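In this document, chain identifiers A, B, C and D correspond to the written order of the chains, with residue numbering beginning at 1 in each.
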Amino acid sequence: MTVSDAGTAPVAVGLIGAGLIGAFHGETLARRVPGARLAGVADPAPGAAERLAASLGAPLATTDPAELLADPAVEAVVIAAPARFHADLADADRATAAAGVAGVPLQVGFNRRFDQSFRAAHDLVAAGRLGTPQLLRSLTRDPGIPDPGRVPPSTIFLETLIHDFDTLRYLNPGAEPVEVYAVADALAYPDFKDQGLQDTAVVLVRFDNGAIATAEASFNAVYGYDIRGEVFGSAGMVTAGDIRRTTMTFHGAEGVASDTWRRNIDLFHDAYTAELAYFADCVRGGVTPEPGGRDARAALAVALAAIRSAQTGGPVAPDA
Amino acid sequence: MTVSDAGTAPVAVGLIGAGLIGAFHGETLARRVPGARLAGVADPAPGAAERLAASLGAPLATTDPAELLADPAVEAVVIAAPARFHADLADADRATAAAGVAGVPLQVGFNRRFDQSFRAAHDLVAAGRLGTPQLLRSLTRDPGIPDPGRVPPSTIFLETLIHDFDTLRYLNPGAEPVEVYAVADALAYPDFKDQGLQDTAVVLVRFDNGAIATAEASFNAVYGYDIRGEVFGSAGMVTAGDIRRTTMTFHGAEGVASDTWRRNIDLFHDAYTAELAYFADCVRGGVTPEPGGRDARAALAVALAAIRSAQTGGPVAPDA
Amino acid sequence: MTVSDAGTAPVAVGLIGAGLIGAFHGETLARRVPGARLAGVADPAPGAAERLAASLGAPLATTDPAELLADPAVEAVVIAAPARFHADLADADRATAAAGVAGVPLQVGFNRRFDQSFRAAHDLVAAGRLGTPQLLRSLTRDPGIPDPGRVPPSTIFLETLIHDFDTLRYLNPGAEPVEVYAVADALAYPDFKDQGLQDTAVVLVRFDNGAIATAEASFNAVYGYDIRGEVFGSAGMVTAGDIRRTTMTFHGAEGVASDTWRRNIDLFHDAYTAELAYFADCVRGGVTPEPGGRDARAALAVALAAIRSAQTGGPVAPDA
Amino acid sequence: MTVSDAGTAPVAVGLIGAGLIGAFHGETLARRVPGARLAGVADPAPGAAERLAASLGAPLATTDPAELLADPAVEAVVIAAPARFHADLADADRATAAAGVAGVPLQVGFNRRFDQSFRAAHDLVAAGRLGTPQLLRSLTRDPGIPDPGRVPPSTIFLETLIHDFDTLRYLNPGAEPVEVYAVADALAYPDFKDQGLQDTAVVLVRFDNGAIATAEASFNAVYGYDIRGEVFGSAGMVTAGDIRRTTMTFHGAEGVASDTWRRNIDLFHDAYTAELAYFADCVRGGVTPEPGGRDARAALAVALAAIRSAQTGGPVAPDA
């Protein structure tokens, strides 16, 4: 690669994780982001990396992520690992610090920041159109989970609500969470409550600018994949998110029918593409991407405080 | 009055309180409820009762509510007193008991129960269409308050949120609140925080059927009078409430414009009429109206628990 | 009646026509318009006037409208006759002229002008917010007709679309129709086409300010009673009307459900009340009400031109 | 290319026309359709093809479309020429016939068929959910035109409304237009009326299944790019299209603000991609794509009939 090519040659991106979302990210990198190409796939599950790499024309497939990381042809890596492998706060700090020392651009996959509706809401708040944010709401409702008995405890906080916690920070720019109160229960799948399942949760988060926020999650939305946000401020309110997938609306004798969202990779299809295109641009341009390690740490701190609050029954201050 | 007239003669209703909402209720009784007539008005403010009674053609005006109550021509009374005169739990119990002993039909003015949108939502839940309620939300946002320095502490809980607490019970029929956690602040009018003003509050309420509910209030909605409800259950979601006053929508180069609600007596105009018409029917028919003393007590218990929670910083169980 | 009572004594209104809409108007006059009282009912159908007058407490009932008109106690009359008795253009002119000569306030029941959404749209246009109107649309879709074999020819033009023609004039204030092109068919009830039924029609109306308008009607809306309007102008667009009856929206696994309007007396309940309250005020104040004979004539001229156009297959200029 | 590669090798597509929409299609082919690659660009404007080809990495650039067509490496061609070069009916027939003889897959760029909302509406109608279509509406409102003095006569019919005519056929599957009545005027830019400009038009189209349709266009939508469709049938109604670009809605003291669509390449971004991806698949698979020459001819016949109708002032049957 010559210097004059620097602006146009696609970044060679390796993918760790070939599950549902990993496969989708791989397809995005291989096909929808001109600034990137899929350089390889790693997944410990036998055959998973091979199958995905073959279908997408990636030259490398391995069960060992270290092999991918060691490949000199790989310029960047996308990690699509389950939440149960997500780090705790100390790990997050170490990873962020290591990335900083190594000069590696680190981006965290809070994809709602790349959804044009949530971004437009954020931009309005950041521009001061709402005055001071005072009340916020972010919710995630998944249309069911396939195997409730195998969902690890705290999944609803670490895998689902962590996106809402980041969304609340994104929609309240410059402010930081100072107190967290959480309740959680197994309402959708009560048979699995004894195994520690938490499928429904509401978290109240206070910010240092006075704003009071609510995050809400459920694994039980029979009507679709429901992601919404709301900010109320001294000069107005902004909402984002809609369960309707298209603008088509049918009115019949029995009622109204619309297509609704069913999967994150549909609702956030364009957001995921924008996220990775921006990441590739940052890598190529040597720019530090957002959201980064600091944002991941902040959302994780809220999630861990929420877990403790749900256990202790009282409000908890997130670790600074 | 002969027996044969019993079904059609309007009930003679006395009104206690000639303030903004009292005057509106008086007008409703005098003009919009065929089953009722306004028999008299009482208000301790000099001249207030006289002016209202004269404008509505009511035969009696007094500064002493007892005089109204003693008038044999008065068959029923509507009390439109400010929240600061609302009773505590023991008073509520005494009043309810006294009404029961006296055989007096007691109705409490939780007007959202008579709004056709909230009622339709309730009816769907009551009919089982949503399965088991799991998440609820009720919010009240007022478009500003005229004199923040004179708002008594706890007004947001006792005057505003008490309607949301009743709405949550109404939308979760058969279930009762078991735990309350509240945060409140003076975000809209911070200059009055030292005087105890609370203009913004979020309350988390857990019910005995597992449902987790959020009630939210603000005195700072520049965009209008915003009243909404939401129930999420195992079989679906229902929402009620809309900031738009009419279906008229203007699209111009600068954006979209709609008429929005600004006052409770506009948004709930029909609900207030339906409420008093139903009350008059109950009085005439000797039927016990709803919501009654038991509902008032339950909502008041949540409000008092919320006040304590906001003071202590921990969850509080409402008094049984 | 003494002069000093003039401002407050309700107007004694007689009602001609005790059918569905007549009964509704009678109830409105008797119960919902403080400025009016129902002085009597006339209907040629044996017993109809008696039954309605008795239920509403009106002192007079007759099968002869002339008797009602001759009663000195009757100060004003509401005519709720079927469209088949509506006059032609010469009759309309004679009636309007006679009312003028007699000094009788004449109001025509184009109730959409009293609907707050349509009125808000009109007000925006009249205030110049849309610039010059260029495209308009008004539609009426009824949820079926009980007895298609007995619907007189041209009913869709004279009873249904005449409201749309007036709405188009109302939403294009100051402009007048200059050309009409209409197509009509029996699509909902094709078995009755041979009997002259027209259950579906579209009418294109050009105005003297250049605006091009579409009026549309059907007797076949299985999903509800659908009334909508739209104005597009050089500075924006405004829409009015919504099939949803309340703001309640249910999202279930099968789709979305809302309550929809089913009858004009529900959708226009408040509009009818406002219409008659304003009429009573005009009678009491000696003010000429709107819309009046000139508006009736203009809408009728469009309807008659549309009937001719549908017969001849070409555009027709409405009679001046 | 070996046979085993047939399913995966991208189709080499040449592009004729490097204007606004041509550049967009070129970018789509080069970057967003994995099944295609941009093999070359032709545009008679000096330098236009070179610039676009260079920016997209296409190997061929020429001012002569014949050169592109003669290139053996080019397997398919996308024509993005202005409407004034669109053919008349005889030319359309000749082109379709020639394509048939040559075995060339011919697709016509009626992009709304690839918009997921319009497609969902079509699918409902095709599945019989609406019963028999009876009333249809399709509208196109452009947010202004840059140079009204240079717009050729009939542009609004041949470039804009032709999409609505196809949409009406798409939403009324199996039925064909039998009569057309059109009115058109220069309302947005009256100064250019003498030069033959038509910036506002309404067209009434009757179909052989009885359905009555309205197509409507304006070049004057200050509020955005407004594309909507509506089908009303014996069993329900379906609508598609919304002026709002995102789900973000701001409520402030002055009203409501939303992002609105401003350009076809934004609103139909995904539709254009789906259209070309499907075209590439058809070319690779030897499948005849839709919509094809027959659809182009049918929409063109309506447009030509509308032009005649607007000139003659009477209804016109489209040429069979």
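Keep in mind that, in the parts below, contacts are C-beta pairs under 8 Å (C-beta built on N, C-alpha and C of every residue); 3 or more make two chains touch, one makes a residue touch a chain.
What you see is a predicted model; the values in this text were computed from it and never measured.
In this structure, the chain pairs A-D and A-C differ in their number of contacting C-beta pairs, and the larger number is found at A-D.
If each chain is reduced to the centroid of its CA atoms, chain A and chain B end up 41 Å from each other. Distance from the chain A centre to the chain D centre is 37 Å, each centre being the mean of its Cα atoms. In terms of their C-alpha centroids, the spacing between chain A and chain C amounts to 55 Å.
The residues of chain C that reach two or more other chains are 222-223, 235-237, 250-253, listed in rising order. Taken as a graph of touching chains, this assembly is fully connected, with contact between every pair of chains.
Against chain A, in their complex, chain C makes its touches with residues 222-224, 243, 250-258, 260. On the side of chain C, the complex with chain B involves touching residues 30-32, 34, 116-118, 120-121, 124, 129-130, 235-242, 245-253, 259.
Across the complex, chain C is touched by residues 132, 134-135, 141, 181, 183, 185, 187-188, 200-202, 204, 206, 210-212, 214, 216, 218, 220-223, 226, 232, 234-237, 313-315 of chain D.
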